[in-house]
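Below: a set of structures, written as structure tokens.
Next come two complexes built around chain A: one with chain B, the other with chain C.
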Partner chain A sequence: MRYLPKSPVERQEMLAAIGAKSVDELFSSIPDRYRLREALKLPGPLSEAEVIQYFKERAAENSVGYTSFLGAGVYNHLRSVVTDAILQRGEFLTSYTPYQAEITQGTLQAIFEFQTLMCQLTGQEVANASMYDGSTATTEAVLMAERLTGRRRVLVAHSVHPEYRDVLKTYAKNSGLLVEEVPYAADGRLDTKALRAALKEDVAAVVAQSPNFFGVIEPVAALADIAHGTGAMLVVAVAEAVSLGAVRPPAEADIVAMEAQSFGLAPSYGGPFAGVIASRDKYVRQMPGRLAGQTTDTEGRRGFVLTLATREQHIRREKATSNICTNQALCALAATVHLTLLGKEGLREMAQQNISKAHFALAELLKIPSVRRAFDAPFFNEFTIKLPRSVKLVNAQLLREKIVGPFVLGTAYPELTKHALVCVTETTTRSEIERFARALKQALDQPV
Partner chain B sequence: MDEKIKKALRHTSQSEGLIFEKSSPGKRAFELPPLDVPAIDPAKALGTNHRREGVEGFPEVSEIEVLRHFTRLSTWNYAIDLGMYPLGSCTMKYNPRVNEFVARLDGLATEHPYQPQELSQGCLKILRLLEQCLLEITGMDFITLQPAAGAQGELTGLLLIRAYLEKQGNPRKKVLIPDSAHGTNPATAVIAGYQVENIKSESHGQIDVDRLRELVTPDVAALMITNPSTLGIFEQRIPEIAEILHAKGSLLYMDGANMNALTGVTRPGDLGVDVMHLNLHKTFSTPHGGGGPGAGPVAMKKILEPFRPVPILVEKEAGRLALEQVRPNSIGRVKAFAGNFGVLVRALAYILAYGPGVRQATEDAVLNANYIRKHLEGVFELPYSLPSMHEVVFSDAIQKKNGVNTMDIAKRLIDYGFHPYTTAFPLIVPGALMIEPTESESKEECDLFIDAMKAIAQEAATNPELVKTAPHSTRVSRLDEVAAARKPVLRWNPSIRGSAAD
Partner chain C sequence: MAYPAQYRYTKEHEWIDLKGDVATVGITDYAQHELGDVVFVELPKVGSKTVAGKSFGTVESVKAVSEIYSPVAGEVIEVNNALQDAPEKINTDPHGAAWLIRIRVANPAEIASLMDAAAYEAYIADKTKEASA
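Moving on to the complex of A and B:
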């Protein structure tokens, strides 16, 4: 087998050195009756060429050749080949968690740079080295708020990503946390009147997403004022991180939970991505996840280490701030390299292109007489339209034109079956937008 | 240093500051295609109160500077690609490059989790085949590929147990955890709403079965067991342990972190385990990437199936696959979308490359650990003498007499060209040296490692100061962790200057 570096003779030599007659003897501690007598029924072995062939065949059964208008938490953005060249350096790819700081300064400094970039983006003071994804980051942010306030009720905007809310509920179910939802208003933003009514002195956190699941930008500063009025914390989830290149950061939030997939990570059928938690310095000791910090060595030279580990499970065990161990380090590195490449100007330009293209797309779609805009608050690169009929049926027709239509809001919001969430990024060309508008018009012109 | 040591000694020491310190306004490393629609003023589109004028402090550098910056940083890392990485419990094995290649294919990396399922059959077939392979390997009945890492797998497993017991009327209160367990076990039990009760190991390092019998009360939901244990020892009485638990209506959870010792040799499902997680970034070779991403699939017996997290992969008419989002008894969703798909692709590529021959990998891993044990026994103290599986745990008791501890030995190992083993874990061994070579090491690399360890033991006896001040060959020497934690500096700002780059 090509991955195994031993010859049969070497194996024998090693067995002899151990004093074992056969390799079976090494497994003598496993009771005989539980040892497998037969080989596992697994496909393979495959040569490298056959492995590639297998996956190419699977890839060909997917959506190659289609144009997509899906976003809803996973975004297609430009990625530089430079990012992948760095990611595939074995020194990053095949290194472990940097517990041995002297020989992992590369990873540690990159994490420190990641933490810095995340702070700059979110307007917060401290950011961790990554969480699994936006959904678990949001959940852990809520648990952090629970610890900080000692309160057990959480108000979550109904316009937060449905899967993020689901994950929060899964985690909350057994920790005594009470999760309630706050409706959205007619303009697509969180209904502040309903929020005020639900907000009592027992609320640990108000959770909103911006841009929210409908693509609409939430008034973060105002929400913070409302939440703080009763001593609750404001948690802001950011699912489309490119928005932060043009949209005011959620600086007034107490905790920001972000999905960094938009920064250099492929959609990859939903993962691996990189979650982030950013917050205030004063809350750092209640943060989950790893943190890299600057320090000096015995000669006074700058270096970096994982720090404040007394929050973590390998030290604190059942008293840890979270059970997270493995995080999404390589994905965070991808985001770091990607953002360094984009730089100040590149990110600004990318964000502005998203705004321009999405607004162009909305205008094109609104030329179709039966298409309406659903929520009229400002948006970034996603917007909601209302069709005269079920989006599901329309999407089936679009597929015939090799177009993957917009997200069917009805799958998560039963009251919105005719509503579609359209995503347009800098990767969508004008001609694709125009083709989509034509195909949609055609689909809607057909009798039901 | 011992002249006979052949492995490379020098660690690269090119200086490189923080990227923010190289920034100069007006430089850029990325250009977008020109905008092909009318430009819209963001202030107009968003409203001035939502508008941001670029991110303050973001770096402005050119492409060559970015590439050099990260390439230089990379040279400060040790990696499997450079040599043996004998971190116990971490299974740092070779990460095949073809796995990276296939995970990046157009049609896999490009797929959106919400695209229609008829356009996702390739992705779903990959998930299905991986499920089948992992079920065959574990001997379990059902599986979920959702969890993002081992710790999330643990949580998923405990939530399954909780849901199952709740359905029977009582979720119970406690989870039993051996004192040798990974820290994630107790941390996870708390999130699942359970109290943790620790079980002391008996004198041979195994679960104290008699004590266990007393501890399994009607309050106990489950026992979380790592097998082989973190001592690298197979829990021989695991079938009996399962019986004790089952007789009281409790379930057996197995932490599969050490599955690299069992794959193809025995199956947890046959041993009486009810639910377990696998760490695909350990046993199934997906790269650790400096700390992640991983994947922590959870395999289970039939009784737990109704509670599996959504989405659930199902087969419809004519072999068409689909992800079901709603199940009445499901514990819910543990992560957005369909698991860490890219990691799952790599794990399947690994399994396909081996096929049934994966047993050979297990055998070589155990062979390597025992070979190292044989050569270092006596040089280092072996606190537990039961047979080792894929890893061996020594202690620093002999070297301690000269004031040299496991961390010192580990740091000195760096000078000899190796990554340290796991230090100070498991907690039941004071001053532990936990060594897991994996199957990826040749006899030659194992011999070099043994020579290095013997040389360090010699140094500890004759020149302890040399060991205690190691490493001596790295770009930075031992770092002040106390200062880092006392006054945390967790981000760059213009007032921070370091001397390394100056």
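Moving on to the complex of A and C:
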């Protein structure tokens, strides 16, 4: 689908066809005080050479040579140039939402393969590529559970990503959904005793993240048993998708909401990312968005189509399963290419490297006498430590050493002051980890 | 397809067959024709309440999902579970085998305000004319 600018003559023709004298008249129903009367304050057009110069200057502002130990929902992973080469193809980069199977077989096949990969990774039966990111996918999963159970109370683990919880609360605010939080236990996992106490027959869903925001792996199967005991559904959010290369998939969950950024999408400025929603075949009609399906054409050849789009907003309007979703085709394509390049063994190896390096880093940091491990439960590539002083001040020192320090947990959890969430991925080298440990020791040794 | 004379009809194209205080409800032949091939039906739970003019379920065809509105107020006492496996019956026998739900009607006199077969046929004849105009 192409977007072409309209010439003044064409504009006049269109206005004449609808019986308006001018564009101004077309907007006359908008109250005058809300209308913009002056020109937009935009800089004038630039020549090609000026545009190139502009972007060179912006690129030069990027920091180079830094090592990062920051994760907390966005992860640094190896990416292949192959992914970018395919993403940059015009057929993928500039094409619009694939409504017409006749002209978008490539895009539909890529989405179909993405869905298949997501099902294999999450242990679920059906997945789509219609979510913006992990946070909206988590909320849509909760809304699905609300529709399926007809219940309106939701229990969310306090150890779910703080921004995911914020998004959920924003959706819930005016929809009558009651969101309550369940505390974490001393080992960093969801407090199952508190969960059992809060779980009544009116709860639609229990929401947990694994690995959770503290990096800790939750016992998904046990949580599913508890939730199902009162007829609630278990929603599992996965913010670090690479974990699925090593951790058991959340197959016992009724709905899995995932952030696929770790698969070939650069952290950038925090997006665009790719959300995933995966569930059971029997719940497919309550899934937001649409599916790509595989079929055969009239000559028996394999082909791809959009299917189950009948509950989307262009058909169902306000009754649509979701009015806040889209087709994340390009980001889903990046994830598909990335996973295809890695393969099953490659992903397993990548995940294993995350585990090994993160555990090595923890051991190195614990050699500093004043550093303590905060939670005992098993973790993937993030772990929480407690420092003897403000993490913010320590991070300022680390930055001078070209180290982007760990996430300051106190900003999201007031009870966790002086707690730092450290992330180590396969991109971090042994010498970088050792340099981080030395720099942290130095920062802690300095007089306050 | 003929519209049974003993049924009453709504403007949203449901039919209702009242016997005593139990009413059987379905969608009309006109409705199934407008929808096209039906692939899925969503019906309420037995014991749930219906409100006249309010949706109690949906019918999904290959091109759209439509609400089904209850002609009367009452309580659902039976749903046609056979449609879960054979929703296409709605296309082949909308006025018979493809009934949707049975309701214990709160006030049987309520159906007096609905159209009889002749009025409904005139109503859809008008619609068809509008569509082809």
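Observations
Heads up, the rule we're going with is that the second predicted complex is superposed on the first by the 393 of 448 C-alpha atoms of A that agree within 3 Å, B and C clash if a C-alpha of one lies under 4 Å from a C-alpha of the other, contacts with A are read in each partner's own complex, and residues count from 1 in each chain.
The criterion applied here is as follows: a residue touches a chain if its C-beta (ideal position, glycine included) is under 8 Å from a C-beta of that chain, and two chains touch if they have at least 3 such contacts.
None of these values were measured; they are calculated from a predicted model.
Once the two complexes are overlaid on the shared chain, A:163 sits against chain B while remaining clear of chain C. Of the two partners chain B and chain C, more chain A residues are in touch with B. When the two structures are aligned on the shared chain, A:249 is found in touch with chain B, with no touch to chain C.
In the superposed model, A:22 lies in contact with neither chain B nor chain C.
Touch criterion met: A:315 reaches chain B and chain C at once. In the superposition on chain A, the residues of chain A contacting both chain B and chain C are 310, 315-316. Listing the residues of chain A that touch chain C in their complex gives 285, 310-311, 315-316, 319.
The touching residues of chain C, counted against chain A in their complex, run 40, 42, 60-65, 67.
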